[in-house]
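Okay, so chain A shows up in both of these, paired with chain B first and chain C after.
So, the complex of A and B:
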């Protein structure tokens, strides 16, 4: 009697199964402690600002060298400086680069790749798990921060609510774009974490202050075009350089560019995961 | 998916849904407390056609170290203005008033540009019968409008800008604890609103949006830029460029020193970029020239310039630390010698 033919699973079904498996692993891993620390820091800072207001010293709150006295302004600065310029890239680097790298390091990649599912689906499933895990942690923390900080100094919830919705969407887009880029980095490069950190905190930071077209080779440039808050600036050399080199990109172009970046790097990452030969060190 | 992962997802989604529901309800005015009316309650007596609205927490300002520091630098005419108010109306600015809301009204159709109209609403502790008796004693004429008492008094002091062309200053008690001072015609509008027959500035969404942005300072001003430029008597070349600018606002927090921000909203992003470049150039020039004067240099170094593309707004924030005031005072004293 011939052996039954292996059941074929579609790419989407396979990705979903990997997603189911990976989401729990990702949420309850040691890396989650890092994630919790990163997203709780702004909330703690927000609490400090709120307490300072309660004790009547909010007029002296200074962020980026500038005095900020209204809740909506403080919230805008938190979104700019803590979430978009730090939290989103850092989560993208740490989670995105580890999607495949962790399996290689733990020598468990063999168990995944020997299943009758497309290799690319493994990467896509893990990427979706990353996206859901980070979105589920980052967005509630922004929500808490919003209700903590915006009422400071007479700020009202109602007029600033549209900005919050934009911020939440923007953070989701940022996590998706950075995640797909670093997923590709994780599949393609030998030292993905170092490469990712150099890109996020070296290349992106440096190129944003240099005039010219090179900043189009960053994700931060397109995210900047969507931010609903004023860009915080002080009189530091960095700020002056950013003003000099600043050219704006319209919201539709930013959105299209981010969508292209997201899709391109996700496809490239899936292809790289499918084609690359992983040699496990014994 | 394990049970705890499912609970985690439910918890996170719950926080998001709850936050969005509360925010949405506040946005559509469903939650009064959260919809949070910006500005002082007295805005209910400012009409919706006000071109400029200003607020000052007099109690805070009078008690501030900053005020004590600049007291010696105040022009004598300002003290005369305060004296005139005390002599005419029996109101001591320093003791009786908690805060003031002032407004300048858009000129009526066909009115000349110089015909200013506006009033000041002062919130404080006033002995109404005593003040009314005082005004009568000083020659104030009592008038009635919609069942409310209005006292009209002729004043000669130019430091009181809210009087009308005939040089008349009127005063009325809107409610106990709120007194309105201004020209008689403008105070009729206040009484209209107090009796529920006029639309207040709270119905002016654009103005209220600007007020929300500056409400946290203990002194602020918001207004349409055309009103400001008309009052400033600027050169015609500069005037031609100003239609590009729509709104201005300034807010300050005054205590030991002064920290504040000035915002100007432009009609479009191109105008905002141009304005930002001009202001940036002026700041750079000032910084360059102030190098030899450390007291001014410290203040200029605190100036920051920023732009908000979503609202086409250019903002300049600054801080004047107490040390700078001391230095300026010393420099002023030296010059007087």
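So, the complex of A and C:
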């Protein structure tokens, strides 16, 4: 009697199984403490701001040079300074680079790669788990912050709600784009975390103040094109340079560019995971 | 067939004086890191600002009409500020795994079963990171000072800015101590170097981002003490006698730095132990 033909699992099915497995691991691990710290700090700060303004301790929030103390503007400030410039890139670096590196470090990559599923599906499944885990934690914190900060200074919630929806979408797009880039970095480079940190906090920050085309080689440039809030500025030379050298990119171009970045790096990451030989440390 | 004596034999090698064991850890750690070619590349990159500074000093010494390039204390302060980025990268690269990797490999017990105290272990690890950090901060800054004297052919600049040598030394040491103690404390709290690196990056950049938000809301720079780099900047401005960028009292910034170092030492004292009690 001939042996039954082995059941083949499609790429999508395999990715889904890895996703199911990884999501629980990502949400219930010690690193969730880091994630919780990163997303809860803005909420705590929002609470402090609410208390400060309640006691009349507020100064000159300046957006585009004009002083404002309205809640929606302060909320926009939080989105710019804490979420877009810090939380989204840092979560992308941390989770993106560790998708495969964690398994290599724990010497469990063998168990995943010896399954009868495409190697690329392992990475895509883990990437989707990262995306869901971070979105599930980051977006509620933004919602909380919104309801804490927007009513400050007589700000109304209803008229600014569409801008919140845009912000939530923007953060999701940012997490997806940074995640795919750093997933590729994690699969391709020997020191992925250092490379990722240098890109996010060195290259992206430095290049944004240089006029010209170089800033198109960053993700932040395209994300800034989608932000519904005005860019905050202070008296520092860096802030002035950022405003002077800022050239706006239209929302459709930003969206298309981010989609291209996301897809390109996700494919490259899946290819790199499929082709690279991982040597486990003895 | 010869029969070898496999029983206990006394150590016949050279015995080091007590208190020198940290040198072994430091030497091996430094040599291990220097074997990485990419890291050598980073060190070379970190010396590019020195080369630029040296050229500036040369031009200034030979063509005094370029007043824009005149050497001042502000330039030395600026040079050390430029090195902040390299200090961050080297701290993350070298420091993140210093204790975490030993904990992951259960090597801490092995280390501490040798004639090596916990203090010597920590000093050895600190020495590894400090050596590389001083290599990109104190060493090039002092060399720039020496080049200034050499190219100008007089000690007049040094006489006019006699505080520069101690200022460069104190600020570099402060920079190194804050970075090294913080990352070592974080490294002792985890078994994953990558987790440590991201925690350090978080502490560094997030504290500054939080300060940015507070500044924007209150319009006051008096809250710069919440930012780790902000505290270093404030104390650095005082040390170099340049205009302060924050209205925070320098004593508060210094206190914040001392608290960070003290907490790091406390964490190291709690976490670097030969025996781990698991509840």
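Assorted remarks:
Keep in mind that, in the parts below, the second predicted complex is superposed on the first by the 266 of 282 C-alpha atoms of A that agree within 3 Å, B and C clash if a C-alpha of one lies under 4 Å from a C-alpha of the other, contacts with A are read in each partner's own complex, and residues count from 1 in each chain.
The rule is simple: a contact is a pair of C-beta atoms (placed from the backbone, for glycine too) under 8 Å apart; a residue touches a chain by one contact, two chains touch by 3 or more.
Quick caveat, the model's predicted, so the values are computed rather than measured.
Three-chain overlay on chain A, with chain B and chain C fitting side by side and no clash. Looking at the shared chain after the overlay, A:255 reaches neither chain B nor chain C.
Contacts of A:268 after superposition on the shared chain: neither chain B nor chain C is touched.
Rounded to the nearest 10, the angle at the Cα centre of chain A between the centres of chain B and chain C is 100 degrees. Legend: residue contacts after superposition of the two complexes on their common chain; A:24 is shown touching chain B, with no touch to chain C.
Once chain A of one complex is fitted onto chain A of the other, the partner contacts of A:47 are absent, as it touches neither chain B nor chain C.
Of the two partner chains, chain C is the only one touched by A:85; chain B is not.
Of the two partner chains placed by the overlay, neither chain B nor chain C lies in contact with A:9. Within the superposed three-chain model, A:214 lies out of touch with both chain B and chain C [touch as defined at top]. Between chain B and chain C in the chain A overlay, the least Cα distance found is 8 Å.
Chain A residues in contact with chain B (one complex) as well as with chain C (other complex) are 58-59, 232, 234. Note for the complex: chain A touches chain C at residues 30-31, 34, 37-38, 41, 45, 49, 52-53, 57-62, 74, 77-78, 81-82, 85-86, 90, 93-94, 97-98, 101, 105, 190-191, 193-194, 197-198, 201-202, 232, 234. The touching residues of chain C, counted against chain A in their complex, run 38, 85, 88-89, 92-93, 96, 192, 194-195, 197-199, 201-202, 205-206, 209-210, 212-220.
Against chain B, in their complex, chain A makes its touches with residues 20, 23-24, 27-28, 58-59, 65-67, 69-72, 132, 136-137, 139-140, 143-144, 146-147, 151-159, 161-162, 164-165, 168, 228-235, 239, 243, 248. If you check the complex, the residues on chain B that touch chain A are 1-2, 4-5, 8-9, 12-13, 15-16, 19-20, 22-24, 26-27, 29, 31, 34-38, 209, 212-217, 251, 253, 255, 259, 261, 269, 280, 301-310, 313, 315, 317, 319.
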